[in-house]
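Two complexes follow with subunit A in common, the first pairing it with subunit B and the second with subunit C.
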Partner chain A sequence: MNINNFISDLAFIKPELVISATLVIIVLFDLIFSSKKKLLPYISLIGIVVAGYFVINQFGTAVTTFKTSLKYGMVVVDNFSSYFKIVVLLASFIVVIFSMLSSEVNSNEERHGEYYTLLFGMILGMFLMSSASDLILIYLSIELLSLSSYVLAGFVKNTIRNSEASLKYVIYGGVSSGIMLFGISLVYGLTGSTNLYEINTLIQVQNFPYITFLIAGLFILVGFGFKISAAPFHFWTPDVYEGAPIPITAYLSVASKAAGFAVLIRFIKITFVGSTDSSGYWILLNIIDWKSIIVLLSILTMTLGNFAALWQDNLKRMLAYSSIAHAGYMLLGLAVMSNAGINAIMVYFIVYALMNLGAFFVVMVISNKIGSENIDDYRGLGRRMPFLGIIFAIFLVSLVGLPPTAGFIAKVMLFIALIDARMVAVAVIALLNTVVSLYYYIRVLKNMYLVDVEKEKPIIPIKLANGIVMILLAAPILIFGIYFSPIIDFAKNSITILGF
Partner chain B sequence: MIHAGLTHFLVISVALFSLGIYGVITRKNAVMVLMGIELILNSANINFIAFARFGNFGLQGQIIALFIIVLAAAEAAIALAIVLNIYKNLSNINVDEMDSLKD
Partner chain C sequence: MHLPYLSLITFLPIVGMIIVLALPKEQGKTMKITTLLITGIQVVLAVFLLSNYNYSLGGIYDQASFQFVEKFRWIDIENFSWIGRIKVDYFLGIDGISTPLVLLTAIVTFIATLSSWNINKSLKGYFALFLLLDTGMMGVFVSLDFFLFYIFWELMLLPMYFLIGIWGGPRREYAAIKFFLYTLLGSIFILIVMIGLYFSTTEPMADGTKAFTFNLLAMMDPNNATATGILSALNPANLRFAAYIALFAGFAIKIPMFPFHTWLPDAHVEAPTPISVILAGVLLKMGTYGILRVSFPIFPEITKQLVWYIALFGMINIIYGAFCAMAQRDFKKLIAYSSVSHMGYVLLGMAALNTMGISGAILQMFNHGTITAMLFLIVGVIYDRAHTREIDGFGGLAVQMPVYTGFVTVAFFAAIGLPGLSGFISEAFVFLGAFGVRLIRVVTIVSTLGIVLGAGYMLWTLQRVYLGKLNEKWSGLKDLNFREYAMFIPLSAIVIFLGVYPSAMLDLMNTSVNSMVQFMQNIQVYYSSINVF
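Right, the complex of A and B next:
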């Protein structure tokens, strides 16, 4: 490797460099100005905005850098990765604001330095995940994300719920990433390379030992399945989401899932797709039947997520199962194995980020006020917090996927992609699942508005800052529900994955 | 004298991998569970080095192994810190007794 190449390659990872620099600044600021911890979230916000500027600047480039061979490198910068970086940054921006308003996080003010440091560790991991085109970088970036999130899940150290969540997370995470690493080692043994592009050419030879490769591929899928919390690798999700502080739960459910999907899509697209036909359908290499595997996985994931959510009384736990179900819907977009399917996933992610963060934010505000996340304590809250009740209704209706919200547009895009690909049976299953999901989302609203309304209780006021954040999250959901062409066009421009 | 070939190394690594999974599933003590995870990581490590040595793939496999050793250490440090924190809260580290979060 040439040192001059290395320096010119650095120009392509400016967003990652900004994130790393902000991380270092936060650590130093925390050490030097230890009495001014209130400023840390603002430094984080500035770092996120600057990184966002560089990501948008990169839009349109398609290069492979940090070359490990003559043609291909470890990092790919293309519109696809930039899109997911924007989703991650959007979620990070909102989550930093959440953290400023969260009583759980604010109760540990002396440890805010490590909180924001670890948050930036997660962002860096997710950035590298959405750009990685080498199995080793994929593994390292997933670990970088995981190690930071294990600690953040247990941020409030003295509560048993938090500690238990982080221990469960570290055990499930350690095992699944270990299995994934074993799969990677098998792929390395079979092909002699860890670069996805090289593996793609190397597996197209005659007499390739495809059964061993199938096992290796399934092992690697365990690692991705863990990150996107797809069944049967979802066991950690409800416990960790319930136990972790709410801003971190919201962050895990949106950003970490987005990065997991980005890396999974890139892995399958680059490694196993031979070519793309004229209407945008991928022609898979005849090695692993990913289409059937993903369809099975997604049906299992959404059915399990939706049915388990029916019995949940804790709102965070219910939203955890709902996020599993949403991962199932999004996997369907990948199962289509076409550009239209990927487009649907990308639109879904922007909408999902807004509505899921919004729902968690409302749960957080209510939990700050009444100290509970139990659905029974939500009785009559619609009357006591009228504004908050309406906003929560918007988020929940959008999560179901009913018009006029953006959640409807996201689901419609997905169903159109499925029906165009003649996967009608799968589309029907997804539709039935949506009907099931209606029950548990609306149950919350029923409890807020229709139960216990006769008892007069005082109105609980909410802070102005909370109200503004809620409006900023809910307004785009209503606007995109009617005026949706900009995000669809944006996603359409972003499906370029380098190489094909 | 028998020379150890690729198969010998692969058998050892698969045995370690299986022992690791077995340990994670059966052990109750959180530290023992973490040791199971270490076994899984190291079995992959053996694979990488054996493939690099016998497959003539160059040095890449050995460099990857170095990365994994560092990562395993980082993961062990974080996991042990979390276990220590659990011990402070619950005065034991039995994973079966951690059931405050469940359906």
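Right, the complex of A and C next:
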């Protein structure tokens, strides 16, 4: 590698550089102006916006940089990666605002420096995940994301469930990344390369032992499955989501999942797809039947997530299982193995980011006020917090996927992809899952509105800032539910994955 | 170019909803008046549509003969490398099938607003949801684009859930979630078929290209079918039969057709009176309307194969509903089961697939809407005063409340199908139409038993509640007040008017029904020519 190339390559990772720089600034600021910790979130917001500017600027480029061989490099900058970076930044922006309003996070003000530093560590990891085209970088970026999130999950040290969450996360994460690394080493042993493009070329011309390759592929899938909390790799999710501070839970459920999906899609698309036909369907190379594997995984994930959510009394746990179920729906988009499916996943993610963050935000505001996330304590809250009740209803209805909310559009795009691919049976299973999910989402509204409370308690006022954040999250859900051209258009323009 | 009357009549309630939400909490009276005003304007608009309706245009499959059409591109995303283009039209229009139902919706909603006067719990939420529900119902009857139709169809679920769940009776939580789960289950089947049809229909665009479409009228035209579409008759491996069953089941849950009817008695018993009125008066019609508007013209060849089964289910509904009604002790549950029975006539009439049968079915939809609305109001009046609906607990109310009992008699006899009242005409048409079809003649003959059974439970109820010796417990009950007169008089007038002069309604739908029957026959010839059987 030559230093001139290296410097010119840096120009392609400006967003990542901005994120790293912000990270350093936060550390230094925390050290030097330790009395002005209140400013840290604002610095973070500025960093996110600047990074966002560079990501949008990159839209349209399609290059591979940091070359490890003549043709291919470790990092790919294309519309696909930029799209997921935008989703990550959007979620990060919202989560920083959450953190400013969260009593859990604010109770540990002296450690805010760590909090925002680690948050930027996560962002950097997720950025690299969406751009990585080399197994080594994939592994490293996943680890970077994981290590930062282990610590953040246990950020509020003074509660037991927080530390429990963190510890569970570390153990599950450690095992799964170990298995993934083993899978990567098998692939390297078979092909002699860690670059996805090179492996793809090799698979096309050489015969590899089928079983070994399958095992290697499944082992690598464990690492991705852990990140997107697909069953059967989901066991950490409910405990961690319940234990972690709510802003971090919300963040894990959206951003970390988005990055996980980005890297999973790119891994399968680049490594195992030979070509794309005129209708946008991928023609898989004849080595691993990813389609069947992903279909099975997704049906298992959504069914398990939905049915487990039925029995949850803690809202955070319920939303954890619901996010597992949503990962299942989104996996279906990948299972279609077509551009339409990827388009559906991308639309789904924007919508999912808004509605899931919104739902967690409402849970956080309620938890700040009444100090509980238990569904029984929500009785009669609809009358005590009328505005919040309506907003929560919008988020929950969107999570079910009923019109006129954006959740419906996301689901419709998914089913359009499925039915075009003649996967009718799978579509029916997914839709029946939707009916199941209605029950537990509506149960929250039932407790808030339908259950009579013996004594009417007074109205609980909410802060103006909270109200504004809620409106900003809920309004797009209704607007995109009625006029959805922009998001579909945006996603459509972003499906270009370099190499095909 | 005319004013967008249909958009106006559909979205006016949304305006009302915003006004209601903006009013301060204490202004309950203003909210009631606002809602009454909005629904009143809707009635005026519906009457206006009716008076400007051209009776000679058929509609059904032909956009040019739809009336008050509004059509513009709502969603249009081009240049998909894989499917070309996604487009959805905002497409409204009415013909002889939907016009009676638009009128019915306007009237029933107005009456239901009047009967909402007694609601005294969180008025703001009640009227906001009530108006949202109104938009959903109206939208279903005027939209001609499947996507739009589906959005309106689902839009009603949530308001209905809350209206039953918050303002309902003691078991309201159970009834509300049961209603919600059942109807959502139905609508996911509709959703799947909708997407399947989307990929099987292309419509020529202005620039000469062809694009997939949700346009219901385009779906009816076999020339628009794609060669490989999953629900295209041209594709030898199509799934049209399965899709028809799924779609029919989706609509049947709403009717509700046996064996999907179990949500209805629960929902009715728990719902407050005005919501029962809307549920029975309008919502049930959406199922049969959906079958007429979507299932029949898009899948004519499968409809033809299955008419016997449709008629059979109609018969089961009629007989089974009547027997269930007979066994009830709860007045409201009795009326609910009588709805199941009466909706059976609609199915039977539709299965005849001839002008008489389908006209009878649509007329029965309208008449059932007005008659059942009255019946539920009758139960509501008595429940308001006595706080019980136990049939055996009453007796001799005619002495105590003579005017009320007068209206009861009109409604009961109309429900039985006494000549001179509207119910008679529609039932007669249904039976005449169905009897004319050899295939379903036996089913029709058995179904006529329903008339006898209907007379049985209605008269028996009349006797137990209103005739005989007055139960002393109820000697304090007051007769109708002014507001209740305002609810009963218009409905009774319609029931009597249509009983004496049914042509008023039949002429309205005649051209459309004829063109629908003609269309179904022509298209069956077409489908048999391409050997789909």
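Observations on the model:
Keep this in mind: the second predicted complex is superposed on the first by the 496 of 500 C-alpha atoms of A that agree within 3 Å, B and C clash if a C-alpha of one lies under 4 Å from a C-alpha of the other, contacts with A are read in each partner's own complex, and residues count from 1 in each chain.
In this text, contacts are C-beta pairs under 8 Å (C-beta built on N, C-alpha and C of every residue); 3 or more make two chains touch, one makes a residue touch a chain.
Model, not experiment: these values are computed from the prediction.
In the superposed model, A:10 lies in contact with neither subunit B nor subunit C. Of the two partner chains placed by superposition, only subunit C is touched by A:403; subunit B is not.
When the shared chain is aligned, subunit C comes close enough to touch A:339, but subunit B does not.
In the superposed pair of complexes, A:154 makes contact with subunit B only, with no contact to subunit C. In the superposition on chain A, contact is made by A:311 with subunit B only, not with subunit C. Looking at the shared chain after the overlay, A:24 reaches neither subunit B nor subunit C.
When the two complexes are overlaid on their common chain A, residue A:468 makes contact with neither subunit B nor subunit C. Contacts of A:485 after superposition on the shared chain: subunit C is touched, whereas subunit B is not.
Subunit A uses no single residue to touch subunit B in one structure and subunit C in the other.
Here subunit A touches subunit C in the complex through residues 278-281, 338-340, 343, 383, 393, 397, 402-404, 408, 412, 415-416, 419-420, 422, 424, 427-428, 431-432, 434-435, 438-439, 442, 445-446, 449-451, 483-485, 488-489, 492, going by the rule given at the top.
For subunit B in complex with subunit A, the residues that touch the partner chain are 13, 17, 20-21, 24, 30, 33-34, 36-37, 40-41, 43-45, 47-48, 50-51, 55, 57, 60-61, 64, 67-68, 71, 74-75, 78-79, 81-83, 85-86, 88-90, 95, 98, 100-103. Partner subunit B is touched in their complex by these residues of subunit A: 68, 136, 140, 143, 147, 150-151, 154, 157-161, 163-168, 170-171, 174-175, 178-179, 181-182, 184-186, 188-189, 192-194, 238-239, 242-243, 308, 311-312, 317.
Residues 74-77, 79-83, 86, 122, 150-151, 154-155, 157-158, 161-162, 165-166, 172-173, 176-177, 180-181, 184-185, 188, 191-192, 195-196, 198-199, 230, 239 of subunit C are the ones touching subunit A in the complex.
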